[in-house]
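Okay, got some structures for you below.
Next come two complexes, and both contain subunit A; in the first it sits with subunit B, in the second with subunit C.
Moving on to the complex of A and B:
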């Protein structure tokens, strides 16, 4: 009888322990699982938005650009087309990009220069190359980095701008990758409630702090969490890029024809 | 004054103790002394080259680059072999991993492993690394060589035309300004490590930061080595002159104390040691010793004449007879150096001030220490009857008395030939040619300049004053014309600008056809190309060539030499076309070549001013002392002749006036005028005693002539020690000052008495 009682208690205890571990699952996420959640976050199937780019050099000299951009997802791949609206001397310059998932296939890019009236194909940029003369590299500008290229480690939680965040450290797996990306380490602050990176710190290959990414306002548009302002600052060069996004329209069913050479040439019409 | 010397002689110990305490106070200051090796801090901050350099750094983030050259003369294919390419990749990676270098953008670190090929293709353009990974197969290496030749941009700047060399060009991190010597050491250590592994490659290190760093580091190093040499030489000369230990140690003690006091003052005032002021210790040693030499000689000659009975009296008599000419020569020498205060260069001003301070200290120590120590030391037993060099001095007196016409003829011939030499004198400075030809830095620079576009730069800043002004077709065309004209000059290796990039983009966007390698036909197209180019570069890649608002532009011209004359010629040539090329824009110059040109200009005009001012100062002092206009003017003559002759010889042998040699004049003037003053003082002394010319010459030569000979030997010897220096400015300065002192000695002891006789008649 006594033995039975003990067995019962042990059984009950083990169930409770099991239950707790199941219940606490949400907190026991690994670094890579968090990054997968970021990657899987809903960002709409297509998006139309206006982008205001402000490039600020170390002396405070400013270069501004106004762009209207369209994006459409094709599974993990995506296509996008951007038209420059301002300044006047680059108006109607347009860029068409086919962005392929993974690193196996290089992205395709075409550019239309109105002063030349010609579409030109621009081949292959490295992931570590800067995007459009901003402080973002092609790698940074993507929704999430290529997850399999980094070792992800959850190092803790921290409150950033009043939001509870996971702190996930990403270290490129090989020296070649570090060289390609230009980073030895990134530290990502992911908002726990909406799986969005609101701050990222980057370290260069010498182990020195390199860049800081920060989101300004984040709001829900058509039910999708959207950062409306981002800043990337290079602490070594003092160069800074601000981007403000506005007039977002998600899931408007953009047609495939929009992402073609012909549309690139035709220019943006309201 | 006699009371003072009597006081010193009778209270010798307290005087010596006070001197020791003062010396102690100065010595305690010495650890505070600092070195300033950053050449930039030596430029006057109001100078246009400095202002423009700062502007260039601020507006165009432009920096002087470190250059590492890799050459391979052993492999049949030069650098195009797996071993060399792997080495390039290794060094590039090594630089990227060191915080001493800024390697963020392509323009920060250019090597075969970082540069990209932008090619026009039938449907667009292709941007690709020339060498993503070190290449190993013959086919891939041949392909690389072919692509570099087709592309052309990096031919001459990253790879040499003959295929035997390649460069790695890297930007020092801005936090390492002033510590370039450390960067040199770091790279040198890495190179030694590579060389220890063996291989056919030679690795050369140069670039302006390296040259400046090493230049700054060599000078103090040289001074430490030369100090014992000069002391040994002085000891030897003093022994020859006085033939006893006392005669060696007393003057040496005087100058060593003077040096310590001077350095202590410098340390206490918080003035750092500059490359120029490293010469001060040598100067104080060689010049400061003259006072004690004159004093000791005089005391001994007096004693030898047996006119005084006791030791105390001999000292007091000697001091009383000599303090006045010694004070006089101290003041004239100090005035000569203080005239350097007119210089715009801070180190030159400090040089003048502290040389004057040191000379005055030497005087104070001489008149306090010598009587005191002589009084304390036991009385000399025997007096040498036959003093050194008596035979020579007698011969000299005979020549002066018997052959005045021949002496005058010789000096007239000297003056005439140096007059011709002066008309041939040129102005030209070059930092690199200040290194000995066998120096690794100079070898590296010479080799790399022979194979590549050049390690020196002339930077041109253009300001249109309006937004997008640079993009206008006529302005861009003007920039291309400027570059085309500059590149016809032999000294110009290459040039680059936003106009060149835009021409290249134009070509790429027109299927790579060479005929399209022209600046864009419209401002809009230029703006669109810049946007396109920015897709393949870092955000601040263009900052070095054009400002954010496209209102200002920068052209960099690479020069194979850092000669100031070449820079001057190019600047004048380009300035003469400004109206034609850029009628509505301002044009300013900067860069290493421009700095050298303006720097040498400044030093030379500064030195000419100093020289004239020193002449005036010294003349006024002589007038105050001799109270006769004619005598004061005559006293300046020997040294003026010697300065003219030495500059004349420079013109004759083709040695240009430059940073090192220009300073000679004012230095020689201040030091050399002493000879004539001593002579004249003595001559007039005997004149007042009623002696005739012949007797005066014999008597003057016996005491002052003897001291002057020692004095001349010591100064000449002291400056010749500079021959052992690593750097030519010191070698040249040493030779020229020594040479002018030799001429000045001859003029003061041979020509001067002849002229004094003429004055009498």
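Moving on to the complex of A and C:
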């Protein structure tokens, strides 16, 4: 009887220990569950930050962009507004986006063009379109891709830059989505400790290696893990975009009025 | 009035804490060179431009924003003077230019913006042909080929934009008052970009009387109202404007063998609205402007009948299609005189237009080719504007293009011998 009790306790402990180890290493998680964790990661209810973009062509020619960006979450939806501050030829160009969760509704986007002094409604359906000459598509610059666009598969674990990562492969569910997103496959390296993608490899619609995303620096700002340096390098064109994020301020209670056509037209002045 | 506004602005600036004011200066140095490749082949322009945009954050919600544009056109000294299209007077008109385009104070409160000073106020959703975009007149020294940003004449005005949250949607209400009523500025008669005003009739002497045009006064003040909101995904506006027609009517009186001609600008009411929405890869946009009491020129030769007032309906619809980094944009502009008598061949109408713009980019938006076609649907004239620009660096952009004009009459016919190629080099700071 005593032995039976001991055996039961040992058995129970082994189950608990086993569960704990499964949860802690996440081996029981599926690809989509991991991506949901990435999607649900705390990124603040609102964010103000400066963005420095460095566009480098294959010959080493450099173009620079300075942006200030604001984002506010509305449940799973979000609104963002970005102002180009430099260089002078695109100064005051501004983009307003209403990002709706899921794929049932296209995002709404407006672009202010100072050369026309007009706010333009623009189509956001082509999510594979590249953003302002960078190597990031409109879809890439979102925090996470629309999860329902892809079939997600956990293919294993790998150490990237000294961090233990899940390796999750995403394949667009339909050929139309492949065309729309511009990718036939992505492979995402997700840090297990903070649910953050630190490396993503992309293959184009024809299955050719296309580009590589790499997070160069991650910091905890106001308790929120934040990528502060990222690079996207297109292996087909040799073009590269580096982005440095700075002056982050989370949860400052940004006014709803900040995300409006009015503010697009008024421009950003400190 | 203008002096009063300037004085108020100066007093305001004098009252601000100079140390707290943050001034910035942006702008560009640009060369625009164009060569006529049809008609008399010569330089159209060799403009060396300075574009300055001074700004200041004055504190307490106030800002100053300005823009001044100046140039010297060396073509006026390179080309030989003649007695037709390059007289000394025409050369003087084109040789130098210095204008303030904008100079206004902006006060931004939580629920309203107030702008006082010289401004460009842009209404409407369409490009190229102006239907609702009627607030600022144009400087037509290069016909309609100059960028509107450069050709719009800034007007001294007061503009209040009030924002109210109604039912969870932001509604904007705009109030505009413009004492600085000014007409469009035309290229000199006889110049390559000058409008012709009919052909001489043998035996008839034309006597041109001094034009009647609005000027700065309280009585001539133009007033505008607008409402804007996003309703069920649609960007909508309703607009009303009580202003002066930027283009003059031609009043005529034939007495014996003398034809007296006088250009007069008439007041009119304009009511309309605009809309835009996105449907997948398509964006639909458009606008409507109904002019009440618009002056319409007729072929009659009496002061009373040579211009009649009519209600005109002006409407435009546009569709933009985006695929990858390609943009295809089609616009249709229609115009109808509503209370025109059924048979009245004396009414001179203005044409309907269609435009097509195809634009794309290569090399991460360094290289941007595009072509714009503007067709006169009534008279068959056509303006074709291909161009390609290249971003050499963050500050330096080069552009090459052509303006090809065809037509035997109508809107484009008078300029059919003005095909030109051009280059632009702009260094911005």
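Note that the second predicted complex is superposed on the first by the 242 of 270 C-alpha atoms of A that agree within 3 Å, B and C clash if a C-alpha of one lies under 4 Å from a C-alpha of the other, contacts with A are read in each partner's own complex, and residues count from 1 in each chain.
The criterion applied here is as follows: a contact is a pair of C-beta atoms (placed from the backbone, for glycine too) under 8 Å apart; a residue touches a chain by one contact, two chains touch by 3 or more.
These figures come from a predicted structure and were not determined experimentally.
For the composite obtained by overlaying on subunit A, subunit B and subunit C cannot both be accommodated without a clash.
With both structures placed on the common chain, the touch criterion links A:89 to subunit B and to subunit C.
Of the two partner chains, subunit B is the only one that A:111 touches; subunit C does not reach it.
When the two complexes are overlaid on their common chain A, residue A:63 makes contact with subunit B and with subunit C alike. By the touch criterion defined above, A:55 reaches both subunit B and subunit C. When the two complexes are overlaid on their common chain A, residue A:134 makes contact with subunit B and with subunit C alike.
By the touch criterion defined above, A:262 lies against subunit C but remains apart from subunit B after alignment on the C-alpha atoms of chain A.
Contact with both subunit B and subunit C is seen for A:123 once the two complexes are overlaid on the shared chain.
In this superposition on chain A, the options for subunit C are 38-46, 164-172 or 326-334, and subunit B clashes with just 326-334.
Overlaid on A, the two complexes show subunit B and subunit C touching the same residues of subunit A, namely 55, 57, 61, 63, 87, 89, 109-110, 115-116, 118-126, 129-130, 132-135, 237, 239. Only residues 55, 57-59, 61-63, 84, 87, 89-90, 93, 109-111, 113-116, 118-126, 129-135, 179, 204-206, 208, 234, 236-237, 239, 241 of subunit A touch subunit B when the two sit together in their complex. By the touch criterion stated above, subunit B contacts subunit A in their complex at residues 58-59, 61, 93, 96-99, 102, 104-105, 121, 123-129, 468, 471, 509, 520, 522-529, 531-532, 534-541, 543, 547-549. Residues 26-28, 55, 57, 63, 106, 108, 110, 113, 120, 122, 125, 127, 147-149, 161, 163, 170, 172, 228, 230, 233, 235, 276-278, 280-283, 285, 320, 322-325, 361, 363-366, 391, 393-395, 397, 426, 428-429 of subunit C are the ones touching subunit A in the complex. Of all residues in subunit A, only 55, 57, 61, 63-64, 86-89, 91, 106, 108-110, 115-126, 128-130, 132-135, 237, 239, 255, 257, 260-262, 266, 269-270 touch subunit C in the complex they form.
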